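So that we are looking at the same thing, I have put the structure below in structure tokens.
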Amino acid sequence: MSIAIMSSGGDCAGMNPAIKYFVERSIFSGLKPYFIYDGLEGLIDGNIKEATFTDVSGIIHLGGTIIGSSRSKRFFDKQYRQTAFSNLTKVGIDKIIVLGGDGSFRAMDIFCGEFDLKFVGIPSTIDNDIYGTQYCLGVDTALNIIRSSIDSIRDTAASFKRAFVVETMGKECGYLALVSAITSGAELCLIPEMPYDLKHQKKQILTELQKGRRYVICVVAEGMDMTQQMVRWLEDEIGMETRATVLGHIQRGGNPTVFDRLMASQFVEKSIDRILSKEICKDVIVYKDSEFEFVDINYIASNKYQIDDDLIQMYKKDY
Amino acid sequence: MSIAIMSSGGDCAGMNPAIKYFVERSIFSGLKPYFIYDGLEGLIDGNIKEATFTDVSGIIHLGGTIIGSSRSKRFFDKQYRQTAFSNLTKVGIDKIIVLGGDGSFRAMDIFCGEFDLKFVGIPSTIDNDIYGTQYCLGVDTALNIIRSSIDSIRDTAASFKRAFVVETMGKECGYLALVSAITSGAELCLIPEMPYDLKHQKKQILTELQKGRRYVICVVAEGMDMTQQMVRWLEDEIGMETRATVLGHIQRGGNPTVFDRLMASQFVEKSIDRILSKEICKDVIVYKDSEFEFVDINYIASNKYQIDDDLIQMYKKDY
Amino acid sequence: MSIAIMSSGGDCAGMNPAIKYFVERSIFSGLKPYFIYDGLEGLIDGNIKEATFTDVSGIIHLGGTIIGSSRSKRFFDKQYRQTAFSNLTKVGIDKIIVLGGDGSFRAMDIFCGEFDLKFVGIPSTIDNDIYGTQYCLGVDTALNIIRSSIDSIRDTAASFKRAFVVETMGKECGYLALVSAITSGAELCLIPEMPYDLKHQKKQILTELQKGRRYVICVVAEGMDMTQQMVRWLEDEIGMETRATVLGHIQRGGNPTVFDRLMASQFVEKSIDRILSKEICKDVIVYKDSEFEFVDINYIASNKYQIDDDLIQMYKKDY
Amino acid sequence: MSIAIMSSGGDCAGMNPAIKYFVERSIFSGLKPYFIYDGLEGLIDGNIKEATFTDVSGIIHLGGTIIGSSRSKRFFDKQYRQTAFSNLTKVGIDKIIVLGGDGSFRAMDIFCGEFDLKFVGIPSTIDNDIYGTQYCLGVDTALNIIRSSIDSIRDTAASFKRAFVVETMGKECGYLALVSAITSGAELCLIPEMPYDLKHQKKQILTELQKGRRYVICVVAEGMDMTQQMVRWLEDEIGMETRATVLGHIQRGGNPTVFDRLMASQFVEKSIDRILSKEICKDVIVYKDSEFEFVDINYIASNKYQIDDDLIQMYKKDY
């Protein structure tokens, strides 16, 4: 029996440990593991190879994904999905583990509905913006990379009266920015899910500066598109020399943390068990209150992720 | 109203963020925050001072505890506890948050029973060996320090046919060693909670070496006292040049991870709320299935921590 | 006899180790060490305090400068320099070690010419753009922070066909960008000191992409002001999805590397010896071919820093 | 024309960047680059393959050496050297770059004297114990790994009255231990090159503890074999609870620092130029006062490395 793994959409730290555990556990379970390289594009192009222990030796500490990823427009065209299916049947694969986001899971849902295939999706995105799961692979590593950057900025901030704007990833979801602000002691945080009142903030910051505060750190989610605006605001309204740091894809790479490795291990193990035990399987594994569950892709796709209100309250208490 | 914080027993990363959040939230709640320096010894010696924002500025990224810690024999003597109580009443403190382990909590239980005092204990120990809670402050940081060390060893291990023994902390509890072995892909793990069969291991390792494996990494919990023995075993029985790394207190320091900072924030916030809301309070906050609860110190003290069996199964599947 | 240390202008990693060594060696030499806080502004405001061992305990691993820094317009006004001099004479200081750049050294040159003062300047700037010295404090730490960021980006770059632009510090000097490009294997580097030919680059990159290259990393010095332009160029001319990372002040903080600590130790030790041994001292310590020398501030101020041509040749050989 | 690279003896960080630069520069110079895998053992076994760009993509940030290394007894036997020579001639290699220590260079000297071969040796060992060069590849990375460990220990040391013994690598050479002690502010350092007087140290440490010092860090070079002895000394003579950290091979792995990458680049480039320009070449490249030179292997082999006396003086001034 053959089983394949594929990463799809934006990559994240934690994918490589997942790939390693996938190969090891497949082999121990008597399955033949395959890699689908370069996501859905590679699936269409037949870029599929059997995986061995050697392929996954020395990858557990690497960020990104050694099997590559992609976004695919062609996959929306049934003709290419037909090709993809032929590629899989040639090597006898009918079971696929997908590391990706909800877009990728929806594509797989259509694909596995058309053909006789099973899949389990493992939520993998540093944005942590998938409905139904409290954790997506890669988030802990991304948060710790941001932490290390803000810690470094604080060193220099404390030396010189100055303000800093740090832009984190997160288009519609401010999770990374919010948790970073709370755990790095930033003074200001702007995310899509939380209204802000710059007049109030100005008053508060000016009061703190009078009391002796030397610097201001403002964390902004990329999706706000306000980084340059906040630099000007801090210079003009607060009167401090201000510099921006745009972290960008630094947040996606980096050595996966222990938490991401452990989650990768559990996500993969339980996903393989699931796909083996069900006749029809178009599921996504989710993590909720320390438990793993399986939900239908439609459950995830039909709802929008909401940020944990406790985090917003925690931030508000501080500011 | 006054409230104090104290660290007691072995220190760990995460204590400084907890201390910072304690000061900030106490002040925002209208409380006067105090530091008890150097644990129970400092409590006896009256080393108690009011804390300000300035005291906790720039400490969130430091390992250890800026207020010091200690173990105290004197505190077992009622006369010294009487002195300790006088020191507290002088400055009007009747509420204490304690960062420590079960030994410290038991001492506080006696102390608060004798005098009119309230306390909440926050489990803080890298060993993660406190009954009733799934998480103790400092564990995530310790695990990531071990990870980074084993990653570094693997680089050199892969270059040269050689074996390595890595000793982690953990006297009666192998949690750190076991999770490290799983998430670092170590070949061998020896902890107090798990029987081992070196004959079987020998057979398995020799088979893998014949198949092309170049190196062996063995993680040993300190409490096994088997580090040197395993070096000899690997040299004599497996026939590989072997070197030991004893991580020691590296595991206790280091910049607290985001997870430890976030746990520190939540532990402290909920503990302050608790101590304010109860007439009598001799509680320990615990983390269980993503929820925070309060349990009586006797509940914790009367049971022995058991390692999560899922982790042992996860390890066994790999080996 | 009293001696003071001051940081002036932009801060950098390495200043704190220098401050620690300054205090320790002054005391061992029988001198009374002083801190001038917040640079020239603090000098005018009389923010000067005697320093003790305790002040410098636990600072060797902190980025930035614990005594603060500033830029000062007031210092150009003789009246304020007169005030500054009075502040120094009050506590008997006539010897000052200055951690800063050539602007700060010129200001000190004027100041020490007017009054009976001696100073030694220690080149301290991550830009490495001071004429006469091959090394400025903070450069090695900044380079290693950039390295770690580009390594992280490469992880994700290799997973997905994509291009990245990384902006490093450096206004008129491309040292950081150039060394980072060489040591991180970046494909493209744009600095003020080196002409570039985007047409030629385009041809070369397209050829490499055809041969199988998956990603392009472009390092740009801040002073080029070309980060956004290069993002568009890579998207439009090369046809790759492109993302920018602006490192900003991350480069100034961070735990000082061993090289920066060792240079701090030697810079400080030799500067103290120098200032004690000369009647008149308006010198800057420089590092040249593994040797330390002292040069007149005018020698430094009258020449413009030139980037090492060997580095440019090294880069060109690769591309 | 063909050229090969080989790592021999103990591995170190910096070897992988050197291997990457070797392949790139060989190809740009019109040479065919080869890897000799697993050092002299692989040379005897004919484990030799042509190298491509793909082989060295994504290795610049990995510790150790991707081509493996070994120590070889067989190579002392002429018969095996004859086999080794045949393996080389089969693929037309007569030029070899060797990453290793003086033992490996001596073996190459004999080998290249017997057969018509040329080699350049690049000093590569974290011990920094090769006569004639001020720098060996890998040293800067090793020093920064030790730094990070001692910084972590200091966090916890400052929290609790306690002493620590840290054992660094270095059999006959205390370079790593000495530089680490200076740049990490350790109180005590024991290396083979420096006499010590524990009675005097005891007096001094006890005085400092009375003045308020809370902890003691002692750095010991492995070759002293005194780690356990110093733990007992600190417990018995100084009266402090003491813990040991044995860093071991952590020091050999790890992401190569910028300095090691830049040295790798220059060592390799100049070595290739040298081997191409000379008829007979049995040289070692050395780094001296910021310049690269070539010396005969006999010059290196006939003298014993001496530690820089300036470093010893620097340490003594502090203690």
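Just so it is clear, A, B, C and D label the chains in written order, and each chain counts residues from 1 on its own.
Rule of thumb we're sticking to: contacts are C-beta pairs under 8 Å (C-beta built on N, C-alpha and C of every residue); 3 or more make two chains touch, one makes a residue touch a chain.
Keep in mind that what you see is a predicted model, and the values were worked out from it rather than measured.
Shared contact partners of chain B and chain D are absent; no chain touches both.
Listed here as common contacts of chain B and chain C: A, D. Comparing contact pairs by residue number, the interface of B-D is reproduced by A-C among A-B, A-C or C-D, since over half of the pairs coincide.
The chain with its C-alpha centre at the largest distance from the centre of chain C is B. Centre-to-centre separation of chain A and chain B, using mean CA positions: 29 Å.
Computed from the mean C-alpha positions, the centre of chain A lies at a distance of 39 Å from the centre of chain D.
As a whole-number value, the distance joining the C-alpha centres of chain A and chain C reads 35 Å. Shared interface positions of chain C, defined as residues touching 2 or more other chains, are 151, 154, 158. Taken together, the chains touch in the following pairs: A-B, A-C, B-D, C-D. On chain D, the positions that touch chain B within their shared complex are 7, 10-11, 13, 15, 62-66, 68-70, 145, 149, 151-162, 164, 214, 243-250, 252-254. Across the interface of their complex, chain D is touched by residues 17, 20, 24-25, 28, 54, 57-58, 60-61, 134, 140, 143-144, 146-148, 151, 154, 158, 179-180, 182-185, 212, 255, 257-259, 261-262, 265-266, 269, 288-291, 314, 317-318 of chain C.
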